[in-house]
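Below you'll find a set of structures to go through.
There are two complexes below, and they share chain A, which is joined by chain B in the first and by chain C in the second.
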Partner chain A sequence: MEKLSYVGKSLPRKDAEIKATGAAQYAADRDFAGMLHAAAVRSPRPRIKILSISDAKARKVPGYVTLVTYRDIKGVNKWPVVMQDYPFLPEREARFAGETVALVVADTARAARKAAALVEIKYRELPYVDDPLKALEKGAVKIYGRDNVISSFVIKRGAVDEAFRKAAFTVEGEFSTNYQVHAYLETQGSVAVPEAGGGMTVHSTTQCPFYVLDAVSAALGIPYHKVKILQTVTGGGFGGKEDVPALVASHAALCAAKTGRPVKLIYGRKEDFQSMSKRHPGWARVSYAADKNGKITACRVKYVLDGGAYSTLSPIVLWRGTVHAAGPYKIPNVGIETFAAATNKVPAGAFRGFGQPQICFAQESLIDELAEKAGLDPVRFRLKNLLEPGDRTVTGQRLKSSCGLSELVQAVRSRSGWDKKAATPQVRGDIATGIGFSAVYYGVGLGAKGRYLDRAGALVNVYKDGSVGVNVGNAEMGQGALTVLAQIAAETLNAPYAGVRVEEVDSSKVPDSGPTVASRTTLMSGNAIIEAATPIRERVFKTAHSMLTGLGADPSGGMTAAGGVFSMGGRSVAFKAVVAECWNRRLKMAEQGWYAAPRTTFRLRDGQGDAYGVYSYSADAAEVEVDLKTGVTRVKKIWAAYDVGKIVNPRLALGQAQGGILQGMSWALYENLVYKNGIMVNPNFTDYVIATTADKPEYDITFIEKPYAEGPYRAKGMGEVPLIGVAPAVANAIKNACGARVKSVPLLPEKVWKELKKG
Partner chain B sequence: MRPFALKCKVNGLAIEREIPSSRSLLDFIREDLGLKGTKEGCGEGECGACLVLLDGKAVNSCLMMAVQLHGKELVTIEGLKGRDGGLHALQKTFMEEGAVQCGFCTPGLIIASEALLRRKPDATLEDIKQELTGNLCRCTGYEKVLSAVEKARDNRNA
Partner chain C sequence: MPEFIAKPASLKELWKQLPSLPSSRRYLAGGTDLVTADNAGADHSGCWIDIGDLPELRAVKETASSLFIGSAVKISELERSAPVRKWCPVLSAAIPHFASPSLRNMATLGGNAANASPCADGVCALVAEDASVLLALKDARRRLPLKDLFTGPKRTALKRDELILGFEVPKRPHAGAYFKLGPRARFGISKAAVALAAEISGGRVKRAAVALGSVAPVPLYAARTSAWLAGRELSPETAAEAAELIKSEVSPITDARSEAAYRREMCGVLLSRALESAAA
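Moving on to the complex of A and B:
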């Protein structure tokens, strides 16, 4: 075991103080001399043909400056995401209620909003589709391509029909899940500042500064080197600040380019609900077959996501869902087909879990049903079938050593007192208590479908005074990246942790490092930092050694380096002094690093290949109380265990786990975004309820660190896996408590109650 | 509309300003005073990001008008200090416990907790939970927020 000074310790979070004192500057907190404010004019209906846009009334608002429409776009009116079907501003047709049609610029934010409300859009309504399953029917109104299919995948393996024919037990079920709104506390926002010589600097809350760079350059029609994206302190992302900040930033930049002045565009909560990305609603029909010993022999899945009006990230969200659709089990025969369907609703995109939670809810609920049919306890059934090192996933990928799933299941089983509790659910008065389980795997990084983006850069700069500046291309959004990456830099250089600063992303300092998603930041930016720091480390260590020798140290016992100090033969020198000497010797103390993810593959014809470089794992047990009179469910406790490789900062990891669990629980039980006739009904926190302190369950969290050789200090990825398995664990617990099998998320009281009535 | 001559105390300093009577308290704090530590998360009284202390009580500044500040004393996150003039006890425990992630909810949570502990120095965990139901935090899962407030309470009472 290597001895580590910083990695693996709960060191203080780098950005905690500026946040706790209110000093941190989020996008809305940035002001510039001469700054104007923008507000969006939005489409009122699900699908319209735009006839005209008039600012005749808006002009009368004091402080009004101008209206910005697609005519002001000097670049290409296509936002570059995965497929280029989303215009920065629509020309003829707006495809969902809430879509930005134009922008108003004014002296103050108040004036801009007031004027935006007075802009008149003349339009004709067009027929629309609001149901993804109907969108896929033959006679459906065509709103996207020839068949309303944004994207589609298959995985085929073995002989599925035959396996079902021969099965001793089979189960089948239809499941659905609703939207989830990210509800990051900081809404979307950008400030665009025109630069002399035709450039543009954009301050943006974002997880993906380089997506913003792509978009601003495309919208303005200026080369990348004239655009600079500075990520502001970001008030939560969860996927919601993956793609769409690029749209918001481009709108701000278009306004700034037209007026020649800095322009701030900050979203209100309602428009953020209406127009920014969401977790896709999902629908799935899943069936499993097992032999008489309780071994799963086959799985069939049809999975549909409601993509909304534009494709945005749907193809890759769907792909991740496809790869993980059968669950973390050894299954020889598999038939999976998946579709992202277009509807005239808000485009759905990335949300922690990225297409997995929806299908995981379906398949993990059904695994419990299968266990029951086979006459086995759900945990014992899972243990018989779980993926282990050496096994093949449904894409035919052979798992290497970093796979601790069965240990996780055993840990949660014993910590939760599963065997006794599951066998004896309790009813006291109207309150039934039960426990439910789930197991999850999660491919870390972008995988085969995003492999061209799966690289990251870093710049490590050791200053003369011994302080260290690090620039990376992945973003801090609350998860703790600045801290974890500083630990990795400090560890590699043997620099004092307090003297290492990792900055928010500046797109001009590091090359395009892909998005901050897919739990990839520690792995990708961490490895890039190590690559950059390693040659500096060699110089520092060599210099330290020669300094110690010069001091008369006996070199026979070798030099040790720990906690920012180098020691040999009873003598020691501090990092700071060594760095000063390095500078005296004119050594190179700044380096660039680069890391590209290992090769991944996915054959479109049958979905076979090594889909991801490595997987993280989780097991969850949820204990619930169900009120039999009302159907109200309360989660008392969640036990979870994770294998995310080496934990760089245990306190931060715990925070990621607790936050992810609560988000998953909140989606499972409460969050219910309602659309009626293509219009969002409850775009606010009054009617869209998320979990509060009162709902918080007890958490019991265990980490089992299976080292990943390719990872920085053997780490994998942490961010998403805690959310994914919560909903099915809760649903299975409700079933265990009272017999109600609810097949749609959120697991609202009325749904539980209805199942109870069925008896 | 005639401007309103506002007199009040903000973070210990006496202030006199002419303001439009339609100005919200949140806009006054953020735009007119330039105190950006108070956040807008919803503008509708649902998230608690905009909490400030008005005569020692926590109020949603997004729901109030600036004129309601007249003759009163306002404390924002920037005005919270420890006895030694450094970090406030709650700021310290929030940092120590790991209650800060994205941080956007943090000023509001600290203000709400401070109001509670002033009113009820021996607040129980249940009291704290109840008090903070009006503060949404999407990142932390609340566990560390609650332990940070308990720790500050214990330190204060020690």
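Moving on to the complex of A and C:
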């Protein structure tokens, strides 16, 4: 094993100080001379035909500047996402309550909001659909294409019906999950600054600056080289700043283009709830079959996501859900069909886990039921069926060596005291204690469905003073990318970590690197940095060697490089001095790097292929207390183990794990966005409740690092994995504690109570 | 936020300024309801009158027979107040359930009462404490049993410009409990809450007052259950019977926060737990 100076160490976060002291400049902190402010005018109803929009009353607000509608769009009025069905601003029909119909520009944010409230939309209400299952029925009101289906996939393998006929045990269940709101601290926002010569610079809180570039260029109808996207310090994303910041930034840019002045558009929390993306509500009917020895023989899944009014990211969210729908098991016979249905509600999109948590809740709950039928302990049952290196997934992909799932399951089993606890749930007074399990696999990166976007660039620039500037195309959004990528750059160059700075994304400095999603940043940008830094490294190392030789060092023992210092034969020289000498010798000290993901495949006809380059894995055990009188569940402790390849920064990885667990637990137990008649009822943190530190469980987290040869310093991907398995582990624990099998997330006390009353 | 915020230095100055202020005016104390409403676009006042620092409203005072709590005293100050802990055990038990520590640094009982939400934790506890509310409108003063201040959800018997000066709680030694069922461990609006004040002697209830949050249009004083409890032995049987009785006295609804049937059932569970804790 090579000796590493920076990778694998818990080095301090690069952005800790500016965030802790309040010095960080978020989108709302950006100010420019002559800047105006915009506010959105939103559709009040689920589906309307727009008859007219009038600013007659709004004009009377002091400071009012102008109204911006679709008529002001010089480019094409289609936001380029996956499919192009979402107009930047609607022309005739608005398809969900909260959709931006027009924008008001004014001198102050306050005047803009006041004027926006006075803009009158004359409209006629149209029939709408708010239930995804009803949307798929034959007689449903048609709001999207011929059948309200945004997207659909199948996976077919073996002979499913026959396997069910021959099975010793079968189980079937219907499960559902509700929305999840990203609840990032910083709401959506953007500042667009017109440049002389018709260009536009956009400051945006975003995890996908190149999606913003695509959209702003399309909306303004100007070429890419006249548009520059500068990612501002981004106060949380979780998927919520994947696609939609492009819409917000385009709106700001349209206002700036029309007025010729910088325009700031910062969302309030309520409109952010109403109009920005969410985790899709999911519904699934899942069945499993097993033989008399407890081997899973077949799985059948019908999985439906509520896509909302426009397709946005639904096709790829659904695809990830499809590939992982049967769970991390060897299953010879599989029939999976999946649908994203259109409804007149907020378009749902990316959220940590990306279509997996919904179906994972269903299938991992049902695996417990199957184990029970087969008379086996849930962990022993899983161990019989888990994917191991060399096995094939349901898409027929053969797994290579980086697969530690059964080790993870064994680790969690022993650390949690599973065997004893699961067999003997306790009741004391009104409180029942139980434990539940789940196992998960997660395809790292975009996979076959996003393969054209699965590449990333980097620019590494070693300055004369020995400091190192790094630009990448993937974004820091709180996950620690600036830190981990700086560690990788420092390691590769043998540069002191303190002297390496990775910047927020500037779209003009690196080529389109795809989105910052799918737990791909460490892998993709990390590899691009290594590619860029390697030729510089060779020059630096060669120069150091010649400098040490010049100092009279004996070269026979060879040169070592560690911690920013080069040593040979008792002499040493620092990185800074070596760099200065490189510059004296007129060596090239800046390089571009590029990394493209390995080839992946997916055959639409039967869903067979190598869906992802590599998988990460997790196992969770949750211990809960259920109040038998109130149905209230408290998660006492979560034991989790992860195989995400080499850990670049253990402290940050632990943070990702704890944050993911808490976010998963919060979705599992509390988060309940309510729609009534197509209108969101609780677009606020008073009534949309997320976990606080008072709800936090105790954590026991283990990493089992199965090296991935293609990864930077053998890392895979981390960000999403910890969230996915939490909900089913908690649901299984509730069942273990008190016998209540709740089949819908959130696992509210009301639902547990109803199950308990059934007895 | 309105264009105009007035900040009188004393009650006298307030009454003097009042006629000159814009007509759509509201009192601002801690601002935890009003500013939130404003942020949500739900407040359209032309003027806020900041009473948060009026010295007459900022004191906790003991007399021979009662404790006066000024309407603008911060909840976090009550949390630290020895006389409040001594004479208001229900309120003291409720405070940890009252919003979050940061909100408790701003919020006041006056605001909690004037906002008249059926879920108000502070008010619900004070109703069980048998508190009166002291009101003033210029020279006219009046006193109401606190439970009579509330006439419906977000509606009170307050006259236009009438100000809540404070609350008076009789100094009677009693046990107190506050059991709340919220959406998470802390910092949430109750699905149901039960406040219990009980004078107990020799294992018997001499006098009891039960108030409930979030299960009626107003912070509810449960008159029948309170009266029924007087004179009963503190036993599991009493708790079970009281739990049945309370369920017939509440009128919960189904909304985004919970369901009517669940809330009704929980009133019984929470009351029997409150009685158990009073017995302990």
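Keep in mind that, in the parts below, the second predicted complex is superposed on the first by the 759 of 759 C-alpha atoms of A that agree within 3 Å, B and C clash if a C-alpha of one lies under 4 Å from a C-alpha of the other, contacts with A are read in each partner's own complex, and residues count from 1 in each chain.
Throughout what follows, a residue touches a chain if its C-beta (ideal position, glycine included) is under 8 Å from a C-beta of that chain, and two chains touch if they have at least 3 such contacts.
Computed from a predicted model, the values in this text were never measured in an experiment.
**Q** Looking at the overlay, does A:Thr560 come into contact with chain B only (first), chain C only (second), both, or neither?
**A** Neither: A:Thr560 stays clear of chain B and chain C.
**Q** Let me test your reading of the model: by the given contact rule, A:Glu186 touches which partner, first (chain B), second (chain C), both or neither?
**A** Only chain B; A:Glu186 stays clear of chain C.
**Q** Please determine whether it is chain B or chain C that touches the greater number of chain A residues.
**A** Of chain B and chain C, the partner in contact with more residues of chain A is B.
**Q** Taking the superposition on A as described, I'd like to know which of chain B and chain C A:Lys629 touches: first, second, both or neither.
**A** In the superposed model, A:Lys629 contacts chain C only, not chain B.
**Q** Per the contact definition in the header, classify A:Ala694: touching chain B only (first), chain C only (second), both, or neither.
**A** Both partners.
**Q** Answer with first, second, both or neither: which of chain B and chain C does A:Trp753 touch in the superposed model?
**A** After superposition on chain A, A:Trp753 lies in contact with chain C alone.
**Q** Which of the two partners, first being chain B and second being chain C, lies in contact with A:Gly268: first, second, both, or neither?
**A** A:Gly268: touches chain B and chain C.
**Q** Check the residue A:Tyr670 against both partner chains and state whether it touches chain B (first), chain C (second), both, or neither.
**A** Once the two structures are laid over each other on A, A:Tyr670 reaches chain C alone.
**Q** Applying the touch criterion given at the start, work out whether A:Thr686 contacts chain B, chain C, both or neither, answering first, second, both or neither.
**A** So A:Thr686 meets both chain B and chain C here.
**Q** Counting contacts the way the document defines them, which residues of chain A are shared by the two interfaces, the one with chain B and the one with chain C?
**A** Shared contact residues on chain A (touching chain B in one complex, chain C in the other): 268-269, 684, 686, 692, 694.
**Q** For a test of understanding, state which residues of chain A touch chain C in their complex under the given definition.
**A** Interface residues on chain A, with respect to chain C: 117, 268-270, 629-632, 634, 669-670, 672, 674, 681-682, 684, 686-687, 689, 691-692, 694-695, 749-750, 753.
**Q** For the complex, give me every residue of chain B touching chain A.
**A** For this pair, the touching residues of chain B are 27, 34-44, 46-47, 49, 76-78, 87, 91, 94-96, 98, 100-107, 110, 128-130, 132-146.
**Q** Across the complex, what residues on chain C touch chain A?
**A** So the residues of chain C in touch with chain A come to 36, 39-41, 181, 183-189, 256-259, 262, 265-266, 269.
**Q** Chain B touches which residues of chain A in the complex?
**A** 10, 12-13, 15-26, 28-29, 31, 110, 182-187, 233-238, 268-269, 477-480, 651-652, 654-655, 657-663, 684-686, 690, 692-694, 696, 699
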